[in-house]
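One chain, chain A, appears in both complexes that follow, with chain B as partner in the first and chain C in the second.
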Partner chain A sequence: MLTYVVRRLFYAVLTFFGISIIVFVLIHIVPGDPVLFYVPMGGSGTISPAALQAIKHAHHLDEPLLAQYRWWLQGLLTLDLGTSITARRPVAELIGEKLPNSFQLNGIALLLAAAIGVPIGLWSAMRSGRLSERAAAVTFFLLYSLPSFWVALLLMQLFSVRYDILPLFGMRSEQYLQLSTGARIVDRLTHLVLPVVTLAYAQLAIFARFSKAAVTDVIRQDFITTARAKGVAPGSVLWRHAFRNALIPLITLLGLTIPYLISGSVIVEQIFQWDGIGRLYLESILKRDYPTVLGLTVVTAVVTLLASLAADLMYAVADPRIRLGGGRAT
Partner chain B sequence: MIRKAAAVLLLVVCLACRERQLPPVSATAPDESKPQAGGTVVRRLDADVSTLNPVLITTKYDHYIARYLFEPLLQYDSTLEVAPGLAEKWEIAPDGKAYTFHLDPKAHFSDGTPVRAADVLFTLKKIIDPASEAVQIAGQFDRLDLARTRIVDDRTIVIAFTEALAPQLSWFFSVRVIPEHVYAAGDFKTAFDRQIVGTGPYKLVRRVPGQEILLERRDDYWGTKPYLQRILFKLITDDATAWNAVKRGDVDETQVPSEIWARESGRPELKKYLEFRRFYTLNYNFVPWNLRDPLLSDKRVRRALAMCIDLESVVKNLYRGTARAMSGPFTPDQWAYNPDVPVIKYDPQEAKRILNSLGWLDTDGDGWLDKNKKPFRFEMIIVAGNIASGPFSQLFQAELKNIGVDMKISQLDGNTFMERILGSNFQAAVLNWELDPDPDPYALFHSSQMPPRGYNFIGYSNPAADKLIEAGHREVDRSKRVAIYRQLHALLADEQPYTWTIQVSVKWALNKRLHNVKESKGWGLFLWTPAELDWWIPADARTHDRQPPTK
Partner chain C sequence: MWRITWRRFRRSRLAVGALIYVSLVTLLAAAAPLIANPARLVPYGPDDVDVAHRLLPPDPEHRLGTDDLGRDVLARMLHGARVSLTVGFLATAIALVIGSLLGAIAGYYGGAADWIVSRAIEVVLCFPFLFLNLGIVALFGPSLFTVMIALGLTSWTTNARFMRGEFLRLREMEFAQAARASGARDTRIMLRHLLPNALAPVLVSASFGVASAILTESALSFLGFGVPLPTATWGSLLNTAREYIQFAWWLALFPGVAIFLTVAAFNVIGDRFRDALDPRAE
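Up next, the complex of A and B:
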């Protein structure tokens, strides 16, 4: 087990450097220039080439690509992600500011989607082929196909503009700072409702379909027939025999969705003005803010690699037959 | 397990809740007829500010905030003429190379210290120091003559230049004076993230990056105090969300895109509580031609292409009448504008005739004009997703196709677009200028102003134009400048280095609880003086100051 973890970690570090090099090269190949952010598109203004050069110099943009990568890597090894070119603030600070927001929004949406989606998947697996299951499947498929920006605007129009039940945008009310702690949590939760719903409805469908497929695969196997023939109660068959064996694909799905917790969702963040990672990512790419793009890539890559490592380890927990490492499989 | 998850969730929620407490606001006695001090206005911020440092101002939104916190040597009044700012009066030396400023003796910084001539000199030095990275205003002061610039006394400074330039006086609007004793030490670029000391009528209460900025009126402000107690800027990057927010009364003002304006501005139920304002500012749209390109170097060709733009139809169909056609480099609101220069008439047949006479004929019968076996084909670059340039370029493309000219449209992201424009790596494009109050077009059309120095990326070089531009650049006498720029207007309209297209009016929705909102000639609702500093809200309409329900 330990050798396995060490080996996996080694590959993870290799993968990480691979990712960083690819992203570094890609973002520099794309046409554009971060200092253009500072060039006034007035019409009577002047450009100060000396000041532009000073910005380039401060961020090593006037050096060859390899030297730039070395500067960046040197910073990374001392856990310094550099300074944003356009925000003039440390990248780590920018990310740290928005990471909890993304985590909150996406985490709740993910939990909600899984908590509703998985039981629905189990239920559909049991009732596979019946009319109610078919109807549910069609409904989920429809939900999944609805574009999220459209749903977001619809929800806003209905719950905020037409009926003033929920806040329209943002993460807190104007009076937030005058509220007690309890009222602050309620305030935050009311602001979360619409964005969470917008994010969760599509994921719900994924969880439901995925768990249904996983359980259906298991149900068709002989040991389930045996269990049923033995006279085990249907609920018990589903829970103790079928679901446990369907855990493996679900863990895979979870491993794949965890990076999503921090990578954010640009559209929802944009429409609801949720100050998360997604918007930061998009804006820094549009502004060619290299250090910020790279910093975000580092964080996302690390979380993705850790999640896939965790998923691999969980396989062994979920199914003792899976042995990790160079064990003597019999 | 569930409890644990709930606890983690709660923790995450609480972590995001840590903030400084604000004292509650108390209501004042109402008197509706006169301006009343107090109340909070909630303004929309379309994009987050990039800096609070007034020397490093980069975006329009930086200006919106800096306007409340800092003050320049000279302001603009509602007609965009220079007006007193921190300097109560000034004199210009007979040779035009030196300006003597007399600071207002009442002027104080927010830390209680008086504004001294030394602070002005310190600010100027910070502006011209390349290490400050003041990309946008350093160029306005690169002819500063530090050797001859001198402090006369605590309240008087002589600022000297190596050359006399006509727009120089107006550029003192960029000198927002900062105190030397606060900002002389430490990292200047980030100093304003830690502490803000300015002369403006408001102080910063808090800035939550990516969300909001709250300003509060200074009780110890040295000048005429504004009415509003608080200014809350809410960041709303999405136009549809902002429009819903102003409809709900969450924010008090927002710019309205033309397509929302067309659909919503006429609705009576909205007019009950929203005021719709439409006005022209100092901006115009145009098609720059790359004059180094052999295809586009002949002015007769450019004029022929310009004849294929049906501006009347663009104004009517794309903007529902909320735009107007442009004839040249000055807008009708500027004193430099020449009213006798006509807009080029839409006439595709005449355009085709001109191109035929220049040897562009469809010899191979494929529907495209050609010359020496090469078809008349060029690329127009536009910014992807830009509502103004997308439909416009398609209309233009269709008209050109009718006369046998093949124009390809390439959509680029903003940064790539800018890189290609400033690198003169384009044939044609759709662009928009936001102009300074002084109409000097030196940086755009003078032959010395090709990038990286200026904005003459089209490569325009014409001795007659250069002569007029230089004369206008140096002539301090307004009436003489008017005559020079009218000639220049006519010359450039004839030469068509750009094809000027339209000026789109700026549209705004304002909550009617805001009183005394005025617009300037050319700058709209903000930044001139007093503008937003003169707004007030009646006591019974201060919805943003209501107490939260006590529990």
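Up next, the complex of A and C:
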């Protein structure tokens, strides 16, 4: 167990360096001098060479590339991601402000997708081959191919424009502050419905397929045949032998879905004008606010890294073959 | 082996339908300038502005309606298919070359090469896919070329994994050892002996890759970072639809259906192809 954890941590540190190098390279191949990241833009573009040199020196941009990388890495580790050109505030602060909004949206979507998708997957594995299961499989497969931005448009068209039962976009109504506590909760929930559905439906399909595959995999194995042969009741074979083993790979899936959710939130937050990191990212790109763009790139990559690390460690705790054997079989 | 796979593939009517659909769309896309042309079947060019007839619902003249500048939606969709399929196929080809090369080296040589490639895959997978693509396209300026390159550079990891796995398995097999014993060079063993045997699973992942590339391209265009206007793409048609969501339903419906059917078709083909290759299935 300990060797596994140490090795996994070591790889995570390596991956972190890889991420930091890629983003550092991106900073330097962006058109324009990186020093412009730090120039308080008035739009006039009149900055004296001496002042420019001073800024360069203050941010170590006059040093060799390797030294620059070291300074940049140090900033990263102390959560100093530079200053946003447009907001004129530290990028880390800006991200910290928007991150909870994204977590709220993504967290609910993830829980919903898992809570519905996993039982459907288990059910499909039991009914494998029957007509109802095959119909469900095709439906989920098609669901997975639906472009989320299109689904969002159709949902808005149907529920907000035609029937006017859900708000078109935003996180809360304009008169939110005048509402009573109960009405506030209802208001926030109604604003969540469409974005959460848009984020969750594709995840749902992934969860259903993945858990079905996991159970089917386990059912094929010898110990299930043994359990059946020695006369364990069929229901007990499924619940006690198959499902418990099949749930372990799902931990990995939880880690793997994080980057998909973050990607999806760019689209969903933009369409529904949800004030999260996805929208911040897109707006920063539009305004050519590179420090924010690159800061967000690093932060989302590190969040993904931490999620997959956590998933792997949880996997190790859940699976005695790794806990005791010191490594994963595959 | 290919003949058996094809026979098993053919058994699924859905997959055959998907294959026919994909061929049809490819043909239509290739022939778009011939079809959507003032003298032909769809008597409008994709950029023929006609403000007097803007935002018209579908009727016999404009079969799928017109957009905010009076351009024929069907004509724009036919031309949009060219962009979607070009990006889909070429980005996947780039990813296939990069992924296969790295995966083959990792699987065949093992050791340090394998270690480096595996770490590289881990790093790339950490970046949320759409973030990275948006970032690259924005930094280098949106164009058909940048979108293709960005997608190719970011989606090779699955191919690399499959290729690595296959090469790891194949290099130990007797025919590979025989080739090595008879003095064949590494490149020859890899290209002539291992690659043909490793191709099938990688082609499965390529089929899913085309689906994902088409989806991502249209997402980028939808967000305004794809192939720049006025070039018609399925995603940018939906971007226009967003502004007129209150009354012009046809703008949102048809391009979305086109994206959905095409992506679903490539996914169905990949799925069926995988099952047809798997001797354990059925």
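Convention: the second predicted complex is superposed on the first by the 243 of 330 C-alpha atoms of A that agree within 3 Å, B and C clash if a C-alpha of one lies under 4 Å from a C-alpha of the other, contacts with A are read in each partner's own complex, and residues count from 1 in each chain.
Criterion: a residue touches a chain if its C-beta (ideal position, glycine included) is under 8 Å from a C-beta of that chain, and two chains touch if they have at least 3 such contacts.
Model, not experiment: these values are computed from the prediction.
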Which of chain B and chain C A:V161 touches, first, second, both or neither: both
First, second, both or neither for A:I271, with chain B first and chain C second: both
Touched partner set for A:I55, first chain B, second chain C, both or neither: first
Contacts of A:W150 with chain B and chain C, given as first, second, both or neither: second
Which superposed partner A:L111 touches (first chain B, second chain C, both, neither): first
Chain B versus chain C as contact partner of A:I185, first or second or both or neither: first
Touched chain A residues, chain B compared with chain C: B
Touching partner for A:L14 - first (chain B), second (chain C), both, neither: second
Which of chain B and chain C A:F24 touches, first, second, both or neither: neither
Set of chain A residues, in rising order, touched by both chain B and chain C: 30-31, 153, 156-157, 161, 270-271, 286
For the chain A and chain B complex, residues of the former touching the latter: 30-33, 35-55, 58, 86-89, 94, 97-98, 100-101, 103-104, 107-108, 111, 153, 156-157, 160-161, 164, 168-181, 183-185, 188-189, 270-273, 275, 279-280, 286-288
Chain C contact footprint on chain A (complex, rising order): 11, 14-15, 18-19, 22, 26, 29-31, 138, 141-142, 144-150, 153-154, 156-157, 161, 259-260, 262-264, 266-267, 270-271, 281-282, 285-286, 290, 293-294, 296-297, 300-302, 304-305, 308
Chain B - residues contacting chain A, complex: 5, 9-10, 12-17, 19-22, 24, 40, 42, 50-51, 56, 58, 130-136, 138-140, 142, 167, 189-190, 193, 209-211, 232, 234-238, 240-241, 244-245, 247-248, 250, 283, 413-416, 418-420, 422, 433-436, 438-444, 451-455, 544, 546-548, 551
Chain C to chain A touching residues, read off their complex: 14, 119-120, 122-123, 125-132, 134-135, 138-139, 211, 215, 218-219, 222-225, 235, 238, 241-242, 245-246, 249, 252-253, 255-256, 259-260, 263-264, 267-268, 271
